[in-house]
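What follows are several structures.
The same subunit A turns up in both complexes below, where it pairs with subunit B and then with subunit C.
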Partner chain A sequence: MGDVTDFTWEQWFGVLLLAGVGVLILDLLRRLAVGDLGASTLTTFLWRGLVDGLIVGLAAVGLSMTYSILRFANFSHGDLVTTGAFSGWTAVWVIGGLGAADLGSRLLLNADRSTSARALDVHVYAEPLAIVAGLVIAALVTILVALAIDRLVYRRMRDSGGIPLLIASVGVALVLRYLIVFLYGERTRGVVRSSPSIDHPLLFWTDGVVVHELIMVGSAVVLMVGLHVLLQYTKLGTAMRAMADNRDLALITGIPTERVILATWVIGAGLTGVAGYLIVLEQETLNFNTGWFLLLLIFAAVILGGIGSIYGAITGGLIIGLADNVMLVWISGDLTRVAAFMLMILILIFRPQGLFGGVETA
Partner chain B sequence: MLVVDGLDAGYGDLQVLHNVDLQVDEGEYVAIVGPNGAGKSTVMKSVFGLTTYMGGRIEFQGREISGLRPEDIITHGIGYVPQNDNIFSSLSVRENLEMGAYILDEVPEDAIAEVFNRFPILEERQDQTVGSMSGGQQQMVAMGRALMLDPDLLLLDEPSAGLAPDLVEDMFDRVDAINDDDTAVLIVEQNAKEALRRCDRGYVLVQGENRYEDDGDALLADEQVRRDFLGG
Partner chain C sequence: MTVDDPDTDPDRPATDGSGAAPASPLEGAAAVTESRPRWQVDLGYIVLTTIGIYVLITALGLLTGLGFGGVFRQLQTVTFLAAAYALVVLALNLHWGYTGLFNIGVAGFMAVGAYGMAILTAPTEGTTTPGLGLPMWVGIPVGVALAGLVGLIVVLPALRIRADYFAIVTLAFAEVIRLTINSGALADVDAFGRQLGTGGGRGINFPLLEHAIPRWVLYEGGDPAQGATFVGVQVLTVTNRLGIERTVVESAIYTSVLVGLVAVVFVLSVRTANSPFGRLLKGIREDELATKSLGKNTDLVKIKVFVLGCAIMGLAGIFWQGRNGYVDPDAFLPIITFYIFIALIIGGSGSNTGSVVGALVFAGVLFEGPPYVQRIINQVIDLPRPTTIYDAVVALGSFDPLPLVGYTVGQLANLRFVLFGVILILLMIYRPDGLLGHRDEPASPLDLRAERPTDGPSSVDGGDDDE
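Presenting the complex of A and B:
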């Protein structure tokens, strides 16, 4: 718009950022051309970036939804991820490990160290039904836990503002986390066997695609598309967007706000629980801090995309995932996360409302 | 139709209205005017259940509605357009109208058609995001939303506030048109002269109490009212 001299700082920053990305892409092409960088290495980075990005994005959607409807940053969100992971995998072990180990050991995910994922042969080809059941249970348990917390804590504080709710959510996070420790113990344990992979030179660019990652990417994409359809094309979705947009008006329009809040928890927590479950499917291990450690990345994705926007959360997750992996072309592994967070800080400085800021989409 | 009798109301512990009486008959056009802070908007919010009810009686079509919540009051046939934030700015025109009829099971296409008929520009722009539209058009969306349930009484809180001066006339014309279709209108206006010129009856509210009540033209002609409240 207008003359170059009319650019605001924000627009200059956008130009610089795009120019920087452009230079990096040119450099990528150059490296590919001269053979510094194998095509398969790059596609591996991109695929890993997509996998990581979708995990973070899926978990971030739930946080973004509760933020836009309930107006607070839910610090217990990471522990809802952990809740989904533990409950889902417990279900997989209970269902899939029938006969392979005693129930107590399976119920507590091998807290007594008497069995292992190998002994139970937990992977998708051996236990397809248990894996699907685990996904459903992860969603259901996380929803129930989130609804119980809302009923016990957040609902009583509905109108007390963002800060008291945020502080309460930190307390909830600690309670949830240490309840999980109480049940399962602090040990990191492997709960999934290495994924089988598909080698198909015509279908896939790399040597082989890990089936568990494929399931993860497929589930995340289906859920995100489903959420998009729900928000844009259903009455409930429109009401959710309306309430995120203008809560007071929603109330006097006759939108049943408590029911919308309930739906928000059901959908947001369901997605979050599934995200936790899928993360473990992909990384094969879990412990009580799995979600808590992820929370920083989730917040980064949400802030990057513009807090309150679910499309922003998905985009933010993808940007962080891709930056984290593709940066490996130029810098060493320890520093890629630094690069991802530098990007977040830059965006916060120059575009504090986030990439999708100002446009809340519930 | 609407009878407010000795209403005391306010916000929390703060009482704003003292013993306010007010009446709107079937199809009537009534204006509430008065200085800033007189409690004009509070009267309207109280009718709609948005304030702390402290005493008195509000009746609508013979049924007591005092103390009811807004989501119940809309089902009785009262529509309300607040002064500020009266649209869902990130939603499309059509979605705003649909939300106005949320309590119905089906989207009432005939009601939407009626709003489009009344405000043709909205039909043209039905898929546009309301936040990107002009102030006058946003005002139409807000009124359209409130008309979706075909209310018998429409409450308008300062509809001219924030409009460009040349649009104010149009806005009043739109209100007249709504009133001509047998919807009673209760309007709160800072633009007191214009409101009194247009309405059937007016109330002058001062410090949370009724001070004058008469035909709009009579209030306009009243020396005392002119000097004290209409700036001569």
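Presenting the complex of A and C:
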């Protein structure tokens, strides 16, 4: 990117983008001052943006890791999110719903419409153990599925280019998604009861904190900190960085590349599965398309932060989440995604290394 | 995907190298040698695939007592779908197969074409989403031009980005288009002093092209009251005598017009591929830097071919939705793009013949096949229908496999997507060139082999071995 023309393009784009964001922030302040926009509305948008952003960020970390180490855009990533969601909530229903409904409808998340989340009383106060178990199982099942896919498909294509791998990943996405349909059916089902909330005078900025959202934020932050520690203070992190940088060189230096790839899938898929599980904890409903519809947003987060950068993916997720919610001040809800995708397209075209200069920290 | 493949099939006709276009001036020269020219071979592939699929559908249907009516409807659906797919697949082949532009926003360009036409031709009054009420001969070209224009807007900034970024950009654009159409913001707009709009989620009703186009062929001015045209008289006399219903005739004409369009685009595509412009496309695909260093303006070539392909996609979108007389955003989900890709990859990207064969196989066997088989099985056997797979597996415990079979048959429509995925994966691992993509397309307009009959084909192709 040393080219002078590229540089000026980028600078122009950066200036324009910053100016745009500046204008929007000024307008936001103006609206707050004039009273067009209530402070509580804004805090709600910000909080929801944080919640959405952390989850998108969590899912984006996995995508970013596979993108930088295996060097392809994994279009089956969204369906790994769905896999995590279905497996985790199946575990919650099987463990938590013991006795409340028969095994068949619990195993298939009420595919036969004989029970409901209300009947099983699925929320965190009633079933704390089941919800924790679900989180772990979501991660485990997603890891196993991802490893099986890598063994069956991607491993045979290690030396193919990015595009054949991308196409194969579309195939994987279709297989995963419709196997889930085969097992669970096409219906959108509610799997969680609406969350209890805490109301306390200390929580001055909101009427009440939704406990499920608090759990989401907590789990996401803990996982991200854990990931940071793992990658900064272990050899694995260095090995991953080396592989992302130059695979052949890494191989020559004696880095066991296949083992690093394995670790990439374990960490990436685990976080992705958890993200899928937590998304459902918040939105309470689940469908075989849940992850697929999120895929482009996850890509947007990865690209915004710079492909290969884990901190970039988290930041990108937060920006996307915040933008998706705060944009509601100016545009209607059905256009916020359009704005997010346009932002992603502009970044890809004018600043493909991402907002933060593409420091690969994998 | 290669221009000259050294591993050429040894028993391929020796005159493969002759101009592939039917109208090629080399046709005569090729006919001198004893093997058939390439365009005949190619036509043979297409005709054989069509016949094969027709025979398969007819045999399956008749053997299991589906009756002539059912078989006929199935054949008609398959023909229409295959032709509609073939049109888009040919366009995508121009993008990806020849130029290497990895466009996965196909559904978006189809949407632009179809919506452009729908807004122009929808009646001004008496419908939920009024349009401009213009005739279809205005609507269709404008829709096609709009699709090309949007293609231009997409490709201009995206010319120099990496292939995988290009993919994400095009996919995101397609989603932006679909979500914008779907949003309430543009659903009802006042423009040109009229009520207009995309209708949001409720879509747009417009005059059925399946009626309009055949009537235009059959009657003077497209109006049955004004009497039949010369063609119309012939067709109507024959069909009246045979006792075929008017609606059947009309939809048959509609499909024929579409097949004719496919033929035109096919010939154009083949000629493009064999022209100097086509060699530039292949050059960009193989090595853009090398092509650039030969002094070629690769950016301009990419823009041209992208816009052309997008316009054809728009045309396909128009014909595809013209059969329903109704468009809504859900018809343009990203999955449509992947259908097109599967068809292209089966046939072999970089081959026009492969594109058509792929479209036929995809529409006739993979897409329409499983529901057809399901219909036939339901007609023949009365299988138990458990509502969930759990019940089916429980029955398996008491050694009764029938419920599981019944459940699987009931799920065939969904399971075909698993099949698509498996095929895509297997093709990418074992045969990335598809059925016909491995064949060499001669870079030279002259048949080099014809002048040196003693040389084997490999010695002519061998020039590129050292690359």
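The working rule: the second predicted complex is superposed on the first by the 350 of 362 C-alpha atoms of A that agree within 3 Å, B and C clash if a C-alpha of one lies under 4 Å from a C-alpha of the other, contacts with A are read in each partner's own complex, and residues count from 1 in each chain.
Keep this in mind: contacts are C-beta pairs under 8 Å (C-beta built on N, C-alpha and C of every residue); 3 or more make two chains touch, one makes a residue touch a chain.
As the structure is a prediction and not an experimental result, all values here were calculated from the model.
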item: Joint occupancy of subunit A by subunit B and subunit C, clash or fit; value: fit
item: First, second, both or neither for A:L107, with subunit B first and subunit C second; value: second
item: If touched residues of subunit A are counted for subunit B and for subunit C, the larger one; value: C
item: Touched partner set for A:I167, first subunit B, second subunit C, both or neither; value: second
item: Inter-chain angle, subunit B to subunit C through the CA centre of subunit A, in degrees rounded to a multiple of 10; value: 90
item: Which of subunit B and subunit C A:L236 touches, first, second, both or neither; value: neither
item: Contacts of A:L147 with subunit B and subunit C, given as first, second, both or neither; value: neither
item: Partner chain in contact with A:Y178 - subunit B first, subunit C second, else both or neither; value: second
item: First (subunit B), second (subunit C), both or neither touched by A:P352; value: second
item: Nearest Cα pair across subunit B and subunit C, whole Å; value: 10
item: Subunit A-touching residues of subunit C, taken from the complex the two chains share; value: 102, 157-158, 161-165, 167-169, 171-173, 175-176, 179-180, 182-185, 338, 341, 345, 387-391, 394, 411, 414-415, 417-418, 420-425, 428-429, 432
item: Residues of subunit B that touch subunit A when the two form their complex; value: 48, 50, 70-71, 74-75, 80, 82, 85-91, 95, 98-100, 102-103, 145
item: Touch list for subunit A against partner subunit C, complex; value: 72-73, 103-105, 107-108, 111-112, 153, 156-157, 160, 162-168, 170-179, 181-183, 185-186, 296, 299-300, 303, 331-332, 334-335, 337-338, 341-342, 344-345, 348-350, 352
item: Complex contacts: residues of subunit A adjacent to subunit B; value: 235, 238-239, 241-242, 244-246, 248-256, 359-361
